[in-house]
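Labels for the chains are A, B, C, D and E, by order of writing; each one numbers its residues from 1.
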Amino acid sequence: MLEVSGITQIFGGVTALEAVSFDIRKGDITGVIGPNGAGKTTLFNIISGIYTQTSGRVMLNGTDVTGLPPEKLAMLGMVRTFQNIELFGGMTVMENVMVGLHTRSKSGLLACSLRLPWSRKEEHRIRAGAQKWLEFTGISELSDVTAGNLSFGKGRLLEIARALAVEPGIILMDEPAAGLNSQETVELACLIRQIRDLGITVVLVEHDMELVMDICDRIVVLNLGVKLAEGTPGEIQKNHEVIAAYLGDVD
Amino acid sequence: MLRLKKINTYYGKVHALKNVTLFLAEGEIVTLIGANGAGKTTILNTISGVIPASSGEVLFNDCQVTALPPDRIVRLGISQVPEGRQVFKPLSVEDNLDLGAYLRYINGESKVSIREDMVQVFNLFPLLQERRKQLAGTMSGGEQQMLAIGRALMAKPKLLLLDEPSMGLAPLIVQEIFRVLNQLRQENGTTILLVEQNARAALKLADRGYVLETGKIILEGSSVELMENADVKRAYLGKDRGLP
Amino acid sequence: MKKRFVVACCLLCISLLSAPVSFAAAGAIRIGGLFAVTGPAAFLGEPERNSAKMVVDEINAAGGIKGRKLELVTYDTAGDATKAVQLATKLIRDDKVVAIIGPSTTGESMAVIPVAEKEQIPLISCSAGIKITDPLKKWIFKTAQNDTLAVGRIFEQLQKQKLTKVSILTVSDGFGSSGREQLKAQAATFGIAIVSDDTYSPKDTDMTSQLTKIRGIKPDVIICWGTNPGPAVIAKNAKQLGLKIPLYMSHGVSSKKFIDLAGDAAEGIRLPSGKVLVADVLPASDPQKKSLLAFVKDYQNHFKTEGDHFGGHAWDAVMLLKGAFENGANTPAAVRDQLEKTKQFHGIGGTFNYSSHDHAGLGKEAFVLVEVKNKDWVIVK
Amino acid sequence: MNRDLIKFLAFATLILATPQVLSGSYLMNVLLFVGIHTMLAIGLNLLLGYAGQISLGHAGFFGLGAYLSGILTATYGWNPWLAMPLAASVVGGLAFLIGFPILKLKGHYLAMATLGMGIIMYIIFNETIGLTGGPSGLSGIPAISIGSLAFDSDQKNFYLIWSFTLGMTLLTLNLTNSRIGRALRAVHDSEVAAQVLGINARLLKVQIFALSAVISSIAGTLYAHTMTFISPTSFGFNFSVELLTMVVIGGLGSIYGSFLGAALLTLLPEFLRGAQDYDIIIYGALLMVMVKYMPGGLVRGVPDLFRKLLKKRGARHA
Amino acid sequence: MQFDQLLQYLLSGLSTGAIYALIGIGFSIIYNATGIINFAQGEFVMLGGMLTLLFLETCKLPLWAAIPCAISVATASGILFERLAIRPLRQPTPINLVIITIGGSILIRGLSMLLWGKDTHAIPPFSGEEPIAVGGATILPQHLWILGITLLIIAANKFFFYYTVSGKAMRACAYNRRAAGLVGIDVRRMVLFSFIISSAMGSVAGIIVAPLTMTAYDVGVMLGLKGFCAAIIGGMSSGGATVVGGLVLGVLESLGAGLISSGYKDAIAFIILLLILFIRPQGLFGKAQSERV
C-alpha cells in the first residue's frame, strides 16, 4: 500500500530523519512510535506532502508520489489528521465534513454562483454524504455547531469524519489520542478499528502506548531520526533497545 | 518553596490541567513524568506565567504569583528552560548568556559580577566557552540545550524549571546534561523541577516525582517508589499483552 | 444573524433620511462653489474659497445686490473628480443654486461639465485647461486664463530672442499634461523645436536625473510646467547642477510662495503671470490696476497672506455673477444669457469679453512675463 | 422558501424602494456610489474575507475596467454592453495570470506586491496619454442604454447600478454557500488542512483573485458610464485603501457587511461635510475607534452594541 | 552617454536612497518587534520636517536647537501612537493593525494640516548651498549631511542592536517573543522601544531631507511608501540589507528617470520590486526558510 524508502530530512544542518524505510500493508493498522523529537511528525509531514524531503522516495499503491502536493495525494486516496486538530473553526460541523467531499464534487464557479439545477442536486448529495460520516463518527447531533466551539474530543472526531469524507484508501493520524481522556481514548480505539473494517489502511503516530499496543497490527519505532525497530506489538514490547530508548539507559 | 494549589488551566478549548496540586521544597529535584499531552509543559508554563491559570493558585515562598507576567516571574527567581531549547538563534552564545542576565543588567548590577557568573557557566559547560562567538543557531541540539540551561542560570534563579532537556538528544549528551544538573544541586543548592519523558533517567536524578495523565496527577512518591511501580511502566510502554 | 442585519439596515435608513437638508434664506440669491480645499490641489482651492467668501461678504456688507443678499455654499472636492461630480449634483439638487463657481482643477471641471450641461446650470470654472471652453459648451464659462495664452506668451519671448531649441519638463498631473500638450502644439507656429520631453511626478523630491539628461541635450531654454513644490525643487536642482540654460516656469507658480521655496535658486527664472503679481508696479493707465490693488489689499487684510491669481479666478467669477444679477438675471438660464453678454469687465485675471462663441473671454494681454530679481518679481519688457 | 433567499429579497426590496423616498434629491446620486462601492467591496471581500488574501491594488482593476470600456465606447464607438464583458474578461484574464506569482506571497509581502501592482496600473493610466487622455482624463463616455432607453439620470442609473449590485450580491451569496465557498473558507481557516482534503488552495485563490478582479472591472464599467468622465486620480492607492477599509469596517467574510461598510464610508463624508477641514481628522479617528471597539466590523459590532445597550436598560429597570 | 551623467544619476540616486533606507529601517524595526506594518511611519518623517519648521519659525530657535526639539516631539508622538492605538487593541489581527495604522496616519496628517496649513515650506540647509563638484557631477552640502547622518545612524543602530543589552533584547524579542519573556524581557516595553526608535529615525530622515525637498503636511505618504519598498527589498531586516534595499531603489529611480523614461520611472521601480518578490520572496538577501507547519 505505502512504501517509504530511504527518507532523509535535513533542516538547516540538523538531520531530523536518516534513511528511514518501511512498508505498510493494505488493511493494517500501523503505529509509528518513538520518544519526543524522534522525527515522527516530520516523517508524517513528508509522507503527506507537506514537507519535501532532502532525499528518499514514497510510493503509494505502486506509483511514485514523491514530492506531490497534499491535494494531489488526497486525490490519490491519502488523507491525514493533525496533532493539534486543524478544524475550519468558523464553519459548522456539517460544513467541515462537506469540505471533505470537495474532491468528490465538481460544480465550478459559474454553476455555484447561479445555483444551476445540477449543482443544487450535487449540493444535496454532498450534504447526504457528510451526514453519513457524521453518523459514522457519532457526532451527527452536533452538525449545526460551529466547529470552533467543540470540545477537543469532539473536534478530534470531526477531524476524522472530515478525513473519511474524502473516501481515502489510507488515512494517516497524527497523535489521535493526544488531549483525550481515557473514556474518549477507548472510544477512539473502537472507531479506528471500525475504520479499518471499512477497508481503509490506518497509520498512526501515537504516544499513548496502551492504545498503540491495543489496536496496532504492526509498529515502527523511531528514535533520533532513525528506525529502531519494526514488528508486532508483542515483539516491540520485548525489544531491549526500545525499552532503553523510552525509559532511559538500563545500565 | 513552590506550591501549586488546585490549578486548572485551559489551552484554548482543552482542559489541560485538572486540579493540579504539587509542592517543591527548597533544594529538591522533583520530576514530572507522563505521556505526551499529559500536561507537563502546561504546568511549567502556568508557573512561568506564559499561560495564566483559570483557577487555583501558585505560591512561591508563600507569595501569590498566580497571574504575574513572565518577566515578573523571572524577577522573583524562577527561570524556565523551555521545551525545544528556544535559544536566540541569530545571536551569539555570549549574547544569549548576556540576555539570561537581562534583568540583572536592567537592575544595574555590575558587569563584573555578571561576567563572573558567565565564567561559572563556562565551567559547567566548557564547550560553550569554545563557541562563545558562534551564532547559537549553528550549534547542534545538545549544545543548544546546554546554552539554554546556561542562559537560565545567568538569571541566578532560586528555582529552575526544565522542560524535556533530553528531547531529541543522543544518550551521551543526555548523560552529560544530567550530570550538570546534579552538580548544580550539589554545589549551588538550586531547586529543580524537571519535566522528562526519559523517565528512568529523570527518576534516577530526582528526589521525588509526580506522574501525570491527561492533565491529572495520578501518582506521586519518592523516585525509588515510582521506579518500581508497574503503572509507570504501563504509562510508557502500554499494557503487557502477556503474549507467549 | 437576520435580526442583526435588519437592525443594521434600519439604522442606515434612519441616517439616510436625517441627512442635512438646507433651505434658502428668503430672497437670497444662492450660488455654489466647488473648490479643492484639501488634497494635492489645495494651493488652488484654498485661496479660491477664501476669495469667493471674502467678496461675497463684501457684497452683502454693501447691501447686497438690488437689496438681495448673496449666499455662497462651498464644498471641498479634495481634488477628486468623483467627489466634484457628486458635490455639483448636491449643489444643484439640494442647495438649488443658480450658478456654480469652480471646480479648481481641469480634471474636476471636465468631470463636472456633463452635470452642469444636463441640469442646465451655469458653471464658471476656475481651472486653466483649454478643453473646458473649447469646444464651446452652452452652460460653461471660465475665468482662469487658458494655458494656451501662457504658452503663447513664453514662445513670443523666445521668438523675439531667437531661441529655438526647447526642453520641456512637465508634472504628470492635469495641469502639467495640459501644458505639455499646448507646448507641443504651439511650438511649430513660433518656429520652436521641442528637443526633449520629460515629466516628473507631483510628489517627486529630486529631479536631477531629468535635468542631467537635459543638460546633455544642450537646449537653448528649459520650460518647466508645474505647481509648487516641484518647480522649486527643479530650480534648486538646476542650481546644484550649475545649469546656465535659461529656465522658464508656468503661471502655476506665479506667487511669492515660489520665491520663498526656491530661495536663491529662483533668481533669473521667468514666467508668464496674471497681473496680480505685479499690481503695484503696473502703469496707472492699466484698466485692471484698480481691481487688482483692491483685491490684494483685501486679501492681505482678511487672511494675512498675499492674494494670488488663483484666488483671483474665484473673485472674478463672483464679480461676473454679480454683474449678471445686477442686470436682472434670476434664473439659471437668465444668468447664463447675461454672462454671455459680459463686456469689458476688468477683473483680476484680465479684461473679460464673453460672447456667444467665446466663454473664456480673455486675450493674451492678460499675461505679463515676469522675472525673479532680488527675491521679487519684475516685469520683463 | 429558503431563509437566505427571504433575507436577500427583503434587502433588495428595501434598496429598490429608496428612490420612492429620495427621488430627485442629491442622496440619490450618493446612492449610486454606494452601489458601485458595494460591488467593489463584495469583490474584495471574496478575496480578503473568504480567501484571506489581502490586496492593496484593487483600485487598479476597477480603473482598468473603467478605462477599457471608456476607451472602447468613447474612442472606438463600441456599445457599452459589448465593452463591459470584454473589459471584464481582459481584466479577469490579467488577474488570473498575475495571480499565480502574486498569491505565492504571504502577509505583508502580498500587501506590498498588490500595492505595487496597483501603482503600476495607475502610472499606466496616467502616462498612456494617447489612449487614456492621461491626467486630464477621458471624457465623452456615453451613457449605457437599452434600445432607446438611455440611463442618463440618477434615477435610471440607480436601477441600472443596483440591479447589477443586487445581482452580484445574490451570486456571491450563492457562491459562498456552495462547495467553492466552503473550500475558500476552509483555505482561510487552515490552508494545510484544506490541502490535505484535496483542495488545490493555490488554484482556488487565483480563481477568486480573478473573480474579484472581474467584479471590480464591471463596477468600473458602470462607474465610467455613469460619470461619463474618468481620470486616474479616482483609481489610485488611496482608493484601494478606502476599499480595504470598507471591507474591514463592514465585516470580513460577510456579503451584507460589505454593503454596510460601503454605505458607511460613502455616506460618512456627506455627514462630515459640515465639519469642513476637520472631516479628515474625524475620519481617521473613526477608523481607529471602529477597529478598536468593533474589531469584527459593523455587521457584528452594531447588533452587539444594541444588545449591550438593551441589557443595560433592562438592568436599570430591574 | 557620458560618464559624468552616469555619475550624477548614481549620486542623486544614492542620496534619495539613503532617505528611503532610513525610513525602511524604521518599518523593519517595528515589524520585527511586533509583526506590524506601520503605515503611519511616513507621518513621522513628515513630523520631523514640520516640527523643525515650527521650532525654527514660531519658536525662533536656531537650527541646531530646533532639530533635537523636533526629534523629541516626533518621538513623543511615536510613544503616544503606540500607547493609544496599538497597545489597547483587543483583536490585534494583522488586518486590523493595518487599518488602525492607516487610520492613525490619516489622523496625524489631518492634525498637521490643521496646525500648519496646506502650504509647502522651505527649511534652510544645514550648511550653505554652494554645489560641490565630484568628478563632473555635483552635489550639495546637504547631500553630504544626508549621507553622513545616514551612515552615522546605521552605525549607531548596529552598535545598539549588537553591543547593548537592550538592543540584544530587542533582537531576541524579534526572533522569539515567548523565549524572550522567559528570560525576563518585558515584551511590551520592547514594542514601545521599537516605536521610539523608528519614530525618531523617521523624523531624522524627514529633517535632513527637508532642505532639499521642502516639506508639507502630506509629504509622508510617498516617502513612507518608498521606505516600505526599501524594507521589503531588504527582506525586512533592520540592518544592512534594508540600507542596500533603499539605495538600490533610489538608484533605480534615478537611472530610470534619466535613461529610460521619466514618466515611467516609478513603474520601473515597482516592476523590479515585483520581480524581486516573485523570484526571491524573502527579500534580496534573505535566506530561504524551509516551510514549517
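The rule we apply is simple: contacts are C-beta pairs under 8 Å (C-beta built on N, C-alpha and C of every residue); 3 or more make two chains touch, one makes a residue touch a chain.
Since the model is a prediction, treat every value here as computed from it, not as a measurement.
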### Message
Using the touch definition from the top, how many steps at minimum link chain B to chain C?
### Response
2
### Query
Which chains does chain B share as contact partners with chain D?
A, E
### Message
Quick check: more C-beta contact pairs at B-E or at D-E?
### Response
D-E
### Query
Distance from the CA centroid of chain A to that of chain D, rounded to the nearest Å?
41
### Query
How far is the middle of chain C from the middle of chain D, if each middle is the mean of its Cα atoms, in Å?
34
### Task
Between chain A and chain E, tell me the centre distance in angstrom, where each centre is the average of that chain's C-alpha atoms.
48
### Query
In chain A, which residues are in touch with two or more of the other chains?
12, 50, 82
### Query
In chain C, which residues are in touch with two or more of the other chains?
38, 172, 199
### Message
Going by the contact rule already set, what residues in chain B reach two or more other chains?
### Response
none
### Residues of chain A touching chain B in the complex
12-14, 35-38, 149-152, 155, 175, 177-182, 207-214, 224, 233-234, 237, 242-243, 246-250
### Summary
chain C residues touching chain D in their complex are 2-9, 11-13, 15-17, 19-21, 37-38, 75-76, 79-83, 85-86, 89-90, 92-94, 106-107, 110-111, 113-114, 118, 129, 131, 172-174, 176-178, 181, 199
### Message
Quick check: in the complex, which residue numbers of chain D touch chain A?
### Response
171-172, 174-175, 178-183, 185-186, 188-190, 192-201, 207, 211, 253
### Sites on chain E touched by chain C in the complex
1-2, 5, 8-9, 12-13, 15-16, 113, 118-122, 129, 131, 138-140, 209, 212-214, 216, 218-219, 221-223, 253-255, 257-259, 262-263, 265-266
### Task
Would you tell me which residues of chain D are touching chain E in their complex?
48, 54, 101-102, 104-105, 107-109, 111-113, 115-117, 119-120, 123-124, 126-127, 192, 237, 241, 244-245, 248-249, 252, 277-278, 280-281, 283-288, 291-292, 295-296
